[in-house]
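Each structure below appears as structure tokens.
Next, two complexes with chain A in common: one pairs it with chain B, the other with chain C.
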Partner chain A sequence: MSEISRSSTRLDGYVDRYAARTQGMTASEIRALFAVASRPEVVSLAGGMPNISGLPLDVVGSAVGDLIAANGPVALQYGSGQGDPTLREQITDVMRLEGIEGHPDDVVVTVGSQQAVDLVTRIFCDPGDVVICEAPSYVGALGVFKAFQCEVVHAEMDAEGLVPDALRQAIVATRAAGKTIKFLYTIPNFHNPAGVTLTPARRQEVLAICREHDILVLEDNPYGLLGFDAEPMRALRADEAEGVIYLGSFSKTFSPGMRVGWALAPHAVREKLVLAQESATLCPPAFSQMAVSAYLTTHDWQGQIKQMREMYRERRDAMIEALDDFMPAACTWNNPHGGFFVWVGLPPGIDAKAMLPRAVTARVAYVPGTAFFADGYGSSYMRLSFCYPTPERIREGVRRLAGVLEQETELRQTFGATGPSHELPRSGYDAPSSDLS
Partner chain B sequence: MSEISRSSTRLDGYVDRYAARTQGMTASEIRALFAVASRPEVVSLAGGMPNISGLPLDVVGSAVGDLIAANGPVALQYGSGQGDPTLREQITDVMRLEGIEGHPDDVVVTVGSQQAVDLVTRIFCDPGDVVICEAPSYVGALGVFKAFQCEVVHAEMDAEGLVPDALRQAIVATRAAGKTIKFLYTIPNFHNPAGVTLTPARRQEVLAICREHDILVLEDNPYGLLGFDAEPMRALRADEAEGVIYLGSFSKTFSPGMRVGWALAPHAVREKLVLAQESATLCPPAFSQMAVSAYLTTHDWQGQIKQMREMYRERRDAMIEALDDFMPAACTWNNPHGGFFVWVGLPPGIDAKAMLPRAVTARVAYVPGTAFFADGYGSSYMRLSFCYPTPERIREGVRRLAGVLEQETELRQTFGATGPSHELPRSGYDAPSSDLS
Partner chain C sequence: MSPTEATPGAHGGRVVVLAGGLSHERDVSLRSGRRVAEALRGTGQEVEERDVDAALLPSLAADPPACVVPMLHGETGEDGAIREVLELLGLPYVGATPEACRIAFDKPVAKTVAARAGVRTPASFCLPHETFRELGAAAVMESLVATLGLPLMVKPARSGSALGCTVVRDRADLPSAMVNAFAYGPVALLEQFVVGAEVAVTVVDDGEGPRALPLVGIEPDGGVYDYTARYTAGSTQFVVPARLDDEATAECERVALAVHEAFGLRDLSRSDLIVDPDGTVWFLEVNVAPGFTETSTVPLAVQAAGLDLGKVIAGLVHAATTR
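Moving on to the complex of A and B:
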């Protein structure tokens, strides 16, 4: 038993008694940025907050008011650990837009889809288990995997999404090393942070590989309905019910403040998820679930999403145009067909993390690429978000960023590199290719 | 790597690949009861749902409506991982009623106080670590400790609450066995399920023992403001800031459907809790936090709590009177001064769990005592709740229960015991004494 120091000379008297898993709980690079980037003079291309300024507040207000008047004693009471039955019905309607025929009994409502990642990891992963993730992958999911002491193995992406050969190689190499793979975590649509979308042919290949190697797929799909050009893509879950856990969310299509997401899981897994949810929270909030349900019932939510898609497309256009107009020639980027993010490759020798303080001084913020890798890779990349600032601010932000990059390049030419001139190769896997641009 | 069976002949193709911690995630006895006890003909003395029928729905409705009109873009957006700053200020006002001088910076808002138990356990407990709990203890907390693969060591209570000598004995015996104690989990006020309250003198003794032995205290206090006779008791946290994590909740004093609870923790622990919260949910729901905040601002919430106390006192009186009038002489019970629960000892040879199906047939439900022990003890006890049914229904429920007990006693006299005639002693610790009655 370690001694506890109650002396005020120590910053943390409990430092010796935390669980081992807290070593994987560290403040993310995104977190430190939120404080800086929230200053009004800074154009933040860092955060992933949706722009909800178009939401009809009168509709939401009267839906919630009616809910409390008509159903207050239910909305204000404890609810089911699995989630509100009416909402779970409506969630199956939402998923049908992506070709999924799911049953409300197999849906578990979660406190945002972040909690769904947490609960799935909780029921599947022992310390040392491997989760295969795209390279790069969503920082919030990487944080969960680290907090549950998983090992993350990255598999390369290109312009068509996760590369099947890279997935195969990751599986074989991980098993050859005697490790246990618990699932593939993938974001098939409008990837965070990479912006790419898994093509239909690749979807079938990825499913076939996972079937062949008995790998469970965790399909995280917060942005699937926010495509700019076409109908929603067919979900992986639409073609594989037993081998896929599908995660959805109302955070990007309605309101993140409700914290309502969900998992659609094979029946037995669903039972474990409900037990995990009861242990974690007893039940998700009835109040916000029923508010989401009332919104879906009373409002043309699909029309609202259409407006959002147009608004985000305009911002995407503004960002791509500004990148074309301002960025140094050695930079690379992709043109996402939906979602919130553009993944930018920097000229050789520029370190995105080292440059960030100078960028903030120049009143622009982004997320350095290292946040999206579990292994320290990514320093010559950055994630730019076009979801929140106006098109004018986006253009101004990219202009400022280009200025910082030019200064950085000059500095490098004068004084040498600000970071490693060549990225160290990640152990066993390649960097995301420049096909991303 | 275990094989996955996708064959429909197996109930759970994933059975071999869950995390070890899922072995501690089992459906609680309370859970199975919820379904049964919700039938309208059954008087449920089982559940711990507050009676919120007295809440002013017009006030809540207009507070939430005004919130969305005035502050919709904030309430519907992502918020802080630590929780809404205004609400955290108001939470310090609530805690001041129990003598706590806490700073809003040290408050972390959680999805009900259940999630606070989950997050504290997550940051402190490795598999095999010991949590000391009262005997009996809250079923939902025991579930969390099991889910994080902790060992629970129970320490006896009597009519004055946790017995200091039992706590001392538990600490010494656990450490002598080479095990690591991470914290004492205690419910000082109107205990769930035991109904007892830790006396002021005992509070100082418990704090002194925990200081002496360097044991962190997790003080869970959902019912503290729901005392029937006197002013709120002084919290353990009021007299010990560095060695206590205090948990509070709006579920019993306002609305469980909001799922808004909190932890007040020493500063360094608070930082870990925020990181754990960000990993678990990104942030608790801004919408329900701001709704609680608006309710506290616009309504006489202390007057509302006073009404609740009177309503619950009337129900407590109805239950105690019915127990006096109907129950067999060999039963024991206590008379709680607040909260929701009475802890009933059964005549020798009666097994509360074995009897439950017959009770439900007689249209009354309760929770068998075994739910509140981590070690199988408790079969000759039951928890009765007086929070939800009306006084008339409570009286009718107890009358039915007494009838079942009489039949059970007759059956036992005719055919022998329905369960073990003497409880097996729990390893190393005594049963809760009959001083509870």
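Moving on to the complex of A and C:
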């Protein structure tokens, strides 16, 4: 055999240098399929993009123009690590709608509330620490917890939100296993993905359990002002100042492109968050903060939110009506009173993840339930979003989905295949990327 | 002058690179298309990247390009459909004819044609899901396992990038694997699993006859070259030329060239082969629009041959516009 000069490559010269936390950050068939969902032929019930078609762009444009003309040198400069003082004042006004009496000094502005989840996890969690999350939970938060090498323990939800007994059991079992719980992560209003809302009675119970067991609560509330039927619910933070870190966002009530969210934290925690923010980004973007502030000052933002609620309610109604009309009897779903999402339970044996290619072929997309669990569970669920497509498209999407389900059910019956087709779902990376989630 | 040595800007007129589409491989196609377009631009070529949608045909008709490079993976792109349309429009394009694509894209048909050309291919059975329903899936699956043995491969008959493919090692996993394959199409291929070295052979014909480029050995960390192993940089070791002796190397080249010829392919193809421990070469499939992503094997083979990717594609464009 002749001497041959061989080269060997992994096509990634850094592969041996990555941190352990990058394990699982891999290409995924599911994520690849979402690329098709961006095509107009596909009815995407997958994306959770806020529908900003009703925003008064002329008002925003004028406010931004005035901002640059009057305050350009400030808006285009670095700012405070904690965030713009005027905006922090305004944020306390926003939170007052949910019963929170917060002080602007305890507000830290972040790059969307997503960064607030990141900063809180960064300052509290060491590898192996436990975060208790609802089952299911927000995929973006699960991604953060995974990146910081936390262990996620899920606690069951029902139609009234997080089940107190399940929370108690999760705390006791985790501690009995010798593990350290750092906080409970909860989305009490119009949950993503489950669509349910924690009832007032349950809120008190959850707070009591967390007080009793000395568990910090991370209350993530991006959808709280988007209820369809009633005034905003009283936040957990409204009744517990020291044990709750509250996260808010302008992404759903104004513009996700501004990337402005915030954390309201107890004084000592706030100090750490500011330092963490400065080390991560130096400061949140001054321009975006001042633009949001100008919008809040110059526009009837509460009236705008009222319009958004009506738009989302119409879409929710279209989705529920279509589900009633088309979906097989063995499916279950909730009727959310706000937010963007319906959580659909599938007939026994159907695997939402394995079915997605068939759905994409039929020109409809959803997010398989596995994306919302850290433990591989959730294959028999899917998240449907009603926020973005028109009511007519929503109906058409659900009609297509029902056809896909019928075919899949028949196939499963033929093969007697039950349970997930993929043994090791890579939770957290099966969700659409940010432009769709 | 050989087209592969074409000087920058040698080919006049605009080249349209088609990428995207509505197939399950849209994401991969977009990445391949981008890389091909950039490589071509590096030669001085005017390049337009286009998705496939309702605006495409009017645009091509209104301003016909000098040549089209279809970098569409999966159905429409590789089943001959888009090339049929290009024929209809009378536009030159890089790659195989619609007829050849139809043979290559359908794995069972491709295996039959390959076998007739004297190429060894793993034993397989091809069945639509209706057959399982009509005859009873359990009985059919029992027969399949009894004949093919375990492990076996389950694949959609028409798909790429290993989408819907499963290695079944345990009989109990077969139903789920079947459902997985049928999620991508109505017909599944069940194939004997051949243990051995996985090799990709690129065949290029830029006007001087088809020739095989250096073989790329594929050694995925997890042992299976699935979607994740294909498109996650770092998760697969690529060895060029593949770790094979001269005899096996020559046989792989012979098989790839035989397939290229027997299928009536032209310009470019990539054959996926397995070389078992006895040195026997097994043909799995041939791709008429092989990937050009950052983790694809064709660019590695081009590089190993000492060629410039842009010049190679420019050579194929030249061949397409002068035939």
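Assume the second predicted complex is superposed on the first by the 398 of 437 C-alpha atoms of A that agree within 3 Å, B and C clash if a C-alpha of one lies under 4 Å from a C-alpha of the other, contacts with A are read in each partner's own complex, and residues count from 1 in each chain.
The working rule: a contact is a pair of C-beta atoms (placed from the backbone, for glycine too) under 8 Å apart; a residue touches a chain by one contact, two chains touch by 3 or more.
Quick caveat: nothing in here was measured; it's all calculated off a predicted structure.
Applying the stated contact rule after C-alpha superposition, one finds that A:259 touches chain B and leaves chain C untouched. Look at A:278: by the touch rule set out above, it reaches chain B but stays clear of chain C. When the shared chain is aligned, chain B comes close enough to touch A:214, but chain C does not.
Residue contacts after overlaying the shared chain place A:112 against chain B, while chain C stays out of touching range.
Shared-chain residue A:72: touches chain B; no touch with chain C.
When the two structures are aligned on the shared chain, A:26 is found in touch with chain B and with chain C. In the superposed model, A:124 lies in contact with chain B only, and not with chain C. Here chain B and chain C are compared by how many residues of chain A each touches, and B touches more.
Contacts of A:376 after superposition: neither chain B nor chain C is touched.
In the superposed pair of complexes, A:328 makes contact with neither chain B nor chain C. Across the two superposed structures, the residue set of chain A contacted by chain B and also by chain C is 1, 4, 6, 11-12, 14-15, 18, 26-28, 31. Against chain C, in their complex, chain A makes its touches with residues 1-2, 4, 6-12, 14-15, 18, 26-29, 31-33, 35-36, 39, 41-42, 351, 354-358, 360-361, 363, 408, 410-412, 414-417, 419-422. If you check the complex, the residues on chain B that touch chain A are 1, 3-4, 6, 11-15, 17-22, 25-28, 31, 49-50, 52-53, 55, 57-58, 60-62, 64-65, 68-69, 72-79, 81, 111-112, 114-115, 118, 122-126, 129, 140, 143-144, 147, 175, 180-182, 214, 216, 242-243, 251, 255-259, 266, 268-269, 272, 275-276, 278-288, 291. Residues 22-28, 30, 53, 129, 132-133, 137-138, 141, 161, 163-164, 166, 175-180, 182-184, 227-228, 230-241, 243, 245-246, 294-295, 300, 304 of chain C are the ones touching chain A in the complex.
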